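Have a look at the structure that comes next, please.
Which chain is which? They are A, B and C, in the order written, and residues in each are numbered from 1.
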Amino acid sequence: MSSAIITLTTDFGISDSYIAQMKGVILGINPEAIIVDISHQIEPHNVREAAFVLSTVQSSFPKGTIHVAVVDPGVGTKRRAIILRTPQADLIAPDNGILSNVFQQVTARSIQHPQIVSESNIKAVAITNPKYFRSPVSNTFHGRDIFAPVAAQLSLGAPISSFGKFVTTIEILPIPALFLSPDGSITGEIIHIDHFGNLISNIKEEDLPLRKNLIIEIGKKKISGLSRMYANGDKLLAIINSNGYLEISLKEGNASSYLHMKVGGEVKVKPGPK
Amino acid sequence: MSSAIITLTTDFGISDSYIAQMKGVILGINPEAIIVDISHQIEPHNVREAAFVLSTVQSSFPKGTIHVAVVDPGVGTKRRAIILRTPQADLIAPDNGILSNVFQQVTARSIQHPQIVSESNIKAVAITNPKYFRSPVSNTFHGRDIFAPVAAQLSLGAPISSFGKFVTTIEILPIPALFLSPDGSITGEIIHIDHFGNLISNIKEEDLPLRKNLIIEIGKKKISGLSRMYANGDKLLAIINSNGYLEISLKEGNASSYLHMKVGGEVKVKPGPK
Amino acid sequence: MSSAIITLTTDFGISDSYIAQMKGVILGINPEAIIVDISHQIEPHNVREAAFVLSTVQSSFPKGTIHVAVVDPGVGTKRRAIILRTPQADLIAPDNGILSNVFQQVTARSIQHPQIVSESNIKAVAITNPKYFRSPVSNTFHGRDIFAPVAAQLSLGAPISSFGKFVTTIEILPIPALFLSPDGSITGEIIHIDHFGNLISNIKEEDLPLRKNLIIEIGKKKISGLSRMYANGDKLLAIINSNGYLEISLKEGNASSYLHMKVGGEVKVKPGPK
């Protein structure tokens, strides 16, 4: 037995017993596993959202953590199941793009050929060995029948090569690109809206053209400069959030409702007037 | 101390501290208990829904798991509290029918006399020994004051006979019956709608009259044949789900919204034309 | 390592990864910590609601439990972070009033000078030692960068004095007072509405003027006498709940919806006619 950490990220919600069935299977194999829920409120079938959420936790968990992610509209089809090993963690998921953001985080690679797993610091295995599956395997719930038992066996020390063959490519979703204008402005989009209604963009701190006198445009609003804290600023504010992304927030309110802004909405950062 | 698994199924929701109060009491008695949430989103006072959800996790958890179920509109009245011991698990709950589906699962009995506990593989005890209760016992929260400490003591190895006397009957809810027609068709009903809007019926795989050319009727829609996976089929599809029940699903959508179908709605399976 | 219990109470919701980020940091420092969620559904920025919820769990958890509470609109400002040590628990939180109800519970003090920490049974420290923080500390997520690692270090046995200097005052919110009338009636208000729609008032059992023939007035309704259990009474009923507060409940229904009553609504208890 081994007290490894296994996290779960799914679109299963919390009203049914699906999550508990996965936990029961894990604990039946490794009673000492420490199971942590990341989120089960991923929008149903929204692989992209899960990919983002998964990337936000990588640096907070100890090395060797096992992250299981199941947003899996293709369950039962021929889509592969994979284990991705990074210097930080093992990730177990359907090979449907759900590991895109983590992959990009680790390889720091541009998106031209993102699907090729050929870095020295990253490995992937296609899960095929039925020895590690729950029996029989249903066609509708691989979370319980494949991903959970594989995670538990991995937590007990099974080498990743025992689950299947190494693969050289994995599915990567095209990650929304930033658009750079000749005037030095940068345009991105909202990729996640959190529980507070904060609008999280795909613009990272290091992407910002200038740190002074920035003008942030969102919907029909303009925000002058970045705030250093939520309590600061004059109602609507822009801030670099705790994961390093540019975020639009409404002071003690809900920016998403206030701006009628959804995922995919445009955010533009301009250098301010001199 | 003992690292037994204790699961919790309630209608308490997750916004209040009720669940945490139960967990605090359990951990105060057995700090090594592994506590797993099944669901706290059972519709308030809906004993039948809890009974179904509880039955779906039995085979996923290791033998000896302790399941605590508290949907308890009669708390503080003379309704009994019981421990049901099956070959698979111990279940601790108010004796209000919440163990009906598990009971039927274990005894595989028809519903004529389902309330009699006289199988050799099943035992029940009425919880009466105040030595194991939190003191004082409130009239409003037996989850915290009786069920939690009893579960914790049981996880430490207390024999079930120490909690009270063996009983020969327990409350069983009439489980919706299937209706068989002379033409070979079978009629059941929707007993649960999951987070994805999947409509789960009380028709099990083994109840299906014929495996080929089936026509599934739900609302005003007809579905031809069973799909083997969610990604299959043409929008609306019928599938045997991961717990063995016939389920109606909308491909990457919400069947419940699409069909305006609720719990109790009729599902009919007909042998198809030859 | 040490199997101390660390609880979490926040307004972070459960759809994002914020809670998991905190748990990852805690487990990275103390892999044996037992982490229990109290609630993450505190209304965003509602410090008062969190203060109430936090007080309801104190007696259910074993002595020495570490409670982390993060409802923190002032994150990144000069508001202090504190550890409050009571005979029952250690509480780690922003010093914004979130510990008010626990403080009052422990000191049993009237509200004249509630902010002074000078009881022999209570101590407070201002958290300032960056040695125990995650590095770098963000301005937006002290839950992950300060409160989580401090809780984990405390669970490993670090003395509270190692985190900073003892302080003599902490922030206390004015707790809604009860109003006593010359006719012996007492007026309070609704301070929390639970998942069932039960209306929990700030009137405690010991505040009630007379135990017999009470008339409870709420909205335009009058309730005669206290019920002993939820199943009792005639639809709308008043009861002393499991934390000792006067609560208005609708038998197998939702009192809040039925009465259109919200937090802050008035409740009056009158001695009945002789």
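One rule holds for everything that comes next: a residue touches a chain if its C-beta (ideal position, glycine included) is under 8 Å from a C-beta of that chain, and two chains touch if they have at least 3 such contacts.
Predicted model, so just to flag it, every value in this text is computed and none were measured.
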| item | value |
| --- | --- |
| Contact graph of the chains (line, ring, star, complete, other) | complete |
| Type of chain A:chain B copy interface by residue overlap (half), same or different | different |
| Distance between the centres, which are taken as Cα means, of chain B and chain A, whole angstrom | 33 |
| For chain B, residues contacting two or more additional chains | 14 |
| Touch list for chain B against partner chain C, complex | 11-25, 27-28, 31-32, 44-45, 73-77, 138-141, 144-145 |
| Complex interface listing, chain A residues touching chain C | 3, 5, 7, 14, 34, 36-41, 53, 56-57, 60-62, 65, 192, 194-196, 228-232, 239-242, 252, 254 |
